[in-house]
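Listed below are the structures to be examined.
Consider the two complexes below, in which chain A is the common component and chain B and chain C are the respective partners.
The block that comes next holds the complex of A and B.
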């Protein structure tokens, strides 16, 4: 298996000295090439969990391992991040943004450029290589952010609400494109989302987190083989799982019951 | 495509209009000046003849004293700006590295900014004499504080999301310092540098007018005290040219404000 979380627990300390339990009792395994979506109420610790997976945050207790190796600090070759608000570096052009991880790793400029260009082609933005992020739409910037992650050839792709800041149409268009890319690259993907449709459509498995402190309320497998065509949305499986998610997220007692 | 070209055309039209209006304002100024001189009957002590000012200006081109003064002023400007900017940068960078340092240093910089440095100029003269070094000391101390303050705020205020990107994509400590934090701070630090430049110009000229033995400010005081109004106006013209070129250079050299990096 690619990624494993054991007895994970995160407690934040606020500036005022209060402790905020964000995650508790997280046990999870994510297989090679598995596509896992994480969904849950706002503030339940989805981002926190993803940061632990990526080594951006050390858990208060428990550990995260990738291929058996404990994760203690970020390593973009192991797990690469796609942030919700793109966060491209505004002083670098699109190509240099895509290659920034290779640059930090000390690879030659030529190698970075070649790989960056290749990844921009993959996300359909090779013509925009010389432009600056501010000249691109939100959807395009997010594609650059995906290219930046893919340029690292990571085992796992960690995406925190990657389409969350986009309008619905862009989101759907970008989503189906990204789905093709992510499926073809055969990596493990962990994607946080607040969209029920996204959660079901992409996933091999959906992790539902309960409200704070986040714990795994339910794991739901989606059996339909990937990559899926849009017609999957019309199937019974899709409708049933979506209804189940809706019940868990919108009816408080259902979530409480599931978490028992 | 057509929308952007229409916009471009509109932008050009607006720019032409603005320039025409500016030119009109300039012509109006000279018209008033000419009127005051001729039919207005103003004394040449207050308003010299335009032609006289122009003649004086042309004479400056062959006047060694003016070249010397120009050289002195430029030297003072450049040296004080370089010292102020470098030291401010180092102090801000050092102070930004821990919360404690930043907390202690920031109010000091604010006070240093607010205090009128001219109060100390007589003392500086006492210590360093009336030569160039007193001008440089005074201008440096004036320009240091706004630059340092802005740099400190810039280094402290780096958006944590860029730091996250650096961490997530494997930036080393050094890369994080220079290629993320420093780079993200550039626009705001540059704003501080602009303020510093403006202050350096003013302080150097004022200091030369207060007490000096050379420099454009000194020449201006000298000519006006000897009631040579036309020559005073001409030297003001020289100073304005220097100021204009200085600001042009600064705006060309400093990075533009980057949109989308607020």
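The block that comes next holds the complex of A and C.
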């Protein structure tokens, strides 16, 4: 088992001293090489949960472990993040961005660049190594962000709405290619998304969170083998799961029913 | 072009095609024509004696005076004195300003305490402090350096603080998520992210340091180009005054161009590498 969350609870304290529960009663296990998507209403704590998984946020109660080790602070070798809005460092070229995690870990420049180059080849951007992020499209920048995470050779990849800032056409094209890459690299992946299509297309398992305070309302398994081609979107399995998600997210009574 | 490039529409290797816009060279000719027209008008006004030529020299007289001034030993000494003073004033202003700016921008208590006073000093004419500098450091060229540095420091500081405000939380979060130590966060995130403010600050340090030294030399006779202007003015050698002013303008423009070139080189990563500091003198 790659990741385990036990009785996880996150409570924020407002400026006025009031406690606001963001997540409650989260119990979850993610297996090796499993691709899990997390979906839920806006503000339900999806990103908060991902930050807890990666050690960027300490839960108010409960525990997160990766391969049996408790997560108390970020460790990109254990869990590496891919954030929503690219977050490449604009003053570093593409290769140095891909190798930045290794640079922060104190590895030599040569080693970092060799690994960075290898990861850029994996995502098909090796010929753009010397360019600056501003010279790349949004989709390409996000590929570099994936290369940056993969360069750390992490046990788990944590992706926070990684394609949220892209247009629909680029999302589909990139999603299909990244699905293949991530399947080939055999990582466990947890991806937060607000897109029903993405949630179904990528996942082995979909975790549906209820509205704030977020709790797991339902888990849905997607049986089709990965990697999937874009034709999967036209299958009955895709349509049925998508309809189920739509019902859960758009019809409040359905979510309440599922939560019980 | 690969299939991927076709989909994403990005130039294949980042080689930029540089084309001069047709209007660009025309624009330069128009500028040159305007300058020549102004010089001709100035010459005409002076020759027709619409203004007293004793107080406003003709352009032809000014150009004729250039070899005289360059051959004047006092002028060469003054240029050396002012050049040295400006250099040290800029060095002090930039170093103290950058260190002070980073302290002010990153330590909340210091920011709360000193941001207001620094803004206040920027808003008032620095020349009112000249008597205090004279009392503290005496009448000598070293005081001109201190006053020049004082004239530039606060502009550097305030721009560095502005630069620190450009550091984005999302980049700091990446550094944290990827295990960057304090030193890496400063070196790889804070310093590069704040460079637009630092560059603007350095430019204002150069500009105000230069002005400070010249103003001090004009007010107090400690040698240098400022004092030389005063000497030539007292002798009613207005053509020579204009030559010195022209020389100062050239120094200022050269410094500005050198700095703009350095800044463009160091800012290649920015969305618009031409969006550098306002280097208008």
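Quick note on the criterion: the second predicted complex is superposed on the first by the 260 of 260 C-alpha atoms of A that agree within 3 Å, B and C clash if a C-alpha of one lies under 4 Å from a C-alpha of the other, contacts with A are read in each partner's own complex, and residues count from 1 in each chain.
Keep in mind that, in the parts below, a residue touches a chain if its C-beta (ideal position, glycine included) is under 8 Å from a C-beta of that chain, and two chains touch if they have at least 3 such contacts.
Computed from a predicted model, the values in this text were never measured in an experiment.
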Fit or clash - chain C, chain B, common chain A: clash
First, second, both or neither for A:127, with chain B first and chain C second: second
Touched partner set for A:212, first chain B, second chain C, both or neither: neither
Which superposed partner A:56 touches (first chain B, second chain C, both, neither): both
First (chain B), second (chain C), both or neither touched by A:171: neither
Chain touching more of chain A, residue-wise (chain B, chain C): C
Which superposed partner A:228 touches (first chain B, second chain C, both, neither): neither
Partner chain(s) touched by A:140 [first = chain B, second = chain C, both, neither]: second
Chain A residues contacted in one complex by chain B, in the other by chain C: 54, 56, 74-76, 80-81, 83, 85, 87, 89-91, 100-101, 104-105, 133-134, 148, 152
For the chain B and chain A complex, residues of the former touching the latter: 161-162, 164-172, 175, 179-180, 183-184, 186, 258-261
Chain A residues within the chain B interface of the complex: 54, 56, 74-76, 80-81, 83, 85, 87, 89-91, 100-101, 104-105, 133-134, 148, 152
Partner chain A, residues of chain C touching it in the complex: 4, 7-14, 170-171, 173-181, 184, 188-189, 192-193, 195, 268-271
Complex interface listing, chain A residues touching chain C: 54, 56, 74-76, 80-81, 83, 85, 87, 89-93, 100-101, 103-105, 124, 127-128, 130-137, 139-140, 148, 152, 170, 173
